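A, B, C and D label the chains in the order they appear, each numbered from 1.
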Amino acid sequence: MNEVFSTPIEIRFAHCDPAGIVFYPRYFELINGVVEDWCGHALGMSFHEMHVVKDIGLPTVHIETDFVKTSVLGDRLTAQLRVLKLGRASVTVEIRMVGEKNDLRLRAELVLVMAHVRDRKAIALPEVLRTQMQRFVVVDAIS
Amino acid sequence: MNEVFSTPIEIRFAHCDPAGIVFYPRYFELINGVVEDWCGHALGMSFHEMHVVKDIGLPTVHIETDFVKTSVLGDRLTAQLRVLKLGRASVTVEIRMVGEKNDLRLRAELVLVMAHVRDRKAIALPEVLRTQMQRFVVVDAIS
Amino acid sequence: MNEVFSTPIEIRFAHCDPAGIVFYPRYFELINGVVEDWCGHALGMSFHEMHVVKDIGLPTVHIETDFVKTSVLGDRLTAQLRVLKLGRASVTVEIRMVGEKNDLRLRAELVLVMAHVRDRKAIALPEVLRTQMQRFVVVDAIS
Amino acid sequence: MNEVFSTPIEIRFAHCDPAGIVFYPRYFELINGVVEDWCGHALGMSFHEMHVVKDIGLPTVHIETDFVKTSVLGDRLTAQLRVLKLGRASVTVEIRMVGEKNDLRLRAELVLVMAHVRDRKAIALPEVLRTQMQRFVVVDAIS
């Protein structure tokens, strides 16, 4: 428990708006990419395996985000993911993005639900996935 | 007061993911477009006037969203914007997207802050904009 | 024959880059939207009907584009679509985007191929679609 | 001369459409990222330095692309960039994306022009950039 999944993020030209800062919908593409990397690189079940092989997915049903500090073209951020709550079919994760001086750029909290792609009904998280997710549970959050 | 700003939204191919539903970061592009249309069509100050002429902007500093029901390719939604809170430099808006049967697809709450583009410092909302925004204030929310 | 399909396009904040002009990959989203509107509004077969009902699609296999003049936030363009060549399974279209003074912003030429979504094999254009497409054939281009 | 700039590309969920393949406008975001990496990693002048420090940019004025084979979620591609023609203010590059078996997915040819961001006028390529670009010139293409 208490593990943190970290992955680097580079702010690219495609992410920035006419004000020269990240256009916030692009942050959500990046956030989705963090969840995608977490599943594929740390949990052992890639989005390809979920969507193409198993016909399941992990849609986001709730998200709240504080954009604490702007990021600009060329910034090198680190995204950090922790699990705040692990349910039967859902998992609540926190994602932080910080700059090179560990300065907080944004903090997001997402509720993800495991679901069948075809009928869009929630199902229990596969045990293999749930077991891996437990490594990232913040202990304070569940005690 | 109590006015609602409404604008139609069509779910396009570009918004949809391999599961055939709207990829949620695209919803935030659409939400940003609703704020853009509100400013340009209802408040009398377009994003062009803000960004290109006045060098000011209305960045989003906080957003929380419930994705209540999925939307698919071809869906015709209506976005509805109301003002929940009107501050000196910031405005809190609620955006709902509903389907043709008035079924709720998502509900978002955003805090927008008026800021100089160059130095990214918050400034008071221009009086002309603030006055127009008052038309959309939900009275129950402020009493 | 010789009809032109026209549709309005507004340059939004989401389309623009740190240089304040349209980021060119966004033009291709807009171009895809023009083809989508052409199918749904002029040819009588929406992308929803193709993808969700019939399991067919119209992927782009070749595209070439001249970006003649930049477009900025707030510009109101008109997109114009003509058919340059109509084959058995493919159609070559020209899309122009012009500004309010009819000044050319871009000219694109796309080859679209009708295909099954599942096995990604080309198939003949449905006759109902092909017949409608003929209205937009530039006569000079085929004689 | 004859160097090739290579960079890995992973096909993510955000790139894919309801047909489960890359939505072609996303390829152009990826192509733009290849040029961005080439400048920053191989030529010694990042987009940040161009846009934020020097107020210059490298807009695309012409692009043509053959989409040879579809790519799906999870595919690991390699992008390869070569210079076909090096002018005073412009550079023509070829970008190929290939799969793990070296199978061609797309081939694009882009004309990039060095320009001032503010007045959008073409200027000569900075000598330091031009010199580095020469390493990537395909010799056959200029003799």
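Keep this in mind: contacts are C-beta pairs under 8 Å (C-beta built on N, C-alpha and C of every residue); 3 or more make two chains touch, one makes a residue touch a chain.
Small disclaimer: the values here were computed from a predicted structure and weren't measured.
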{"item": "Required steps from chain A to chain C (each step between touching chains, minimum)", "value": "1"}
{"item": "Equivalent-chain rotation between chain D and chain C, CA atoms, steps of 5 degrees", "value": "180"}
{"item": "B-D or B-C - the one linked by more C-beta pairs in contact", "value": "B-C"}
{"item": "Approximate Å spacing (C-alpha centroids) for the pair chain A, chain B", "value": "24"}
{"item": "Separation of chain B from chain C, taking each centre as the mean of its C-alpha atoms, in whole Å", "value": "29"}
{"item": "Centre distance in Å when chain B and chain D are each reduced to the mean of their C-alpha atoms", "value": "35"}
{"item": "Shared-contact residues (touching 2 or more other chains) in chain D", "value": "13-14, 18, 20, 23, 25, 29, 32, 51, 73"}
{"item": "Residues of chain C touching chain B in the complex", "value": "12-14, 20, 29, 32-33, 36, 40, 46-48, 51-52, 72-74"}
{"item": "Complex contacts: residues of chain A adjacent to chain B", "value": "18-21, 23-26, 28-29, 31-32, 51, 57, 59-67, 70, 117, 120"}
{"item": "Partner chain A, residues of chain C touching it in the complex", "value": "13-14, 16-18, 20, 23, 25, 73"}
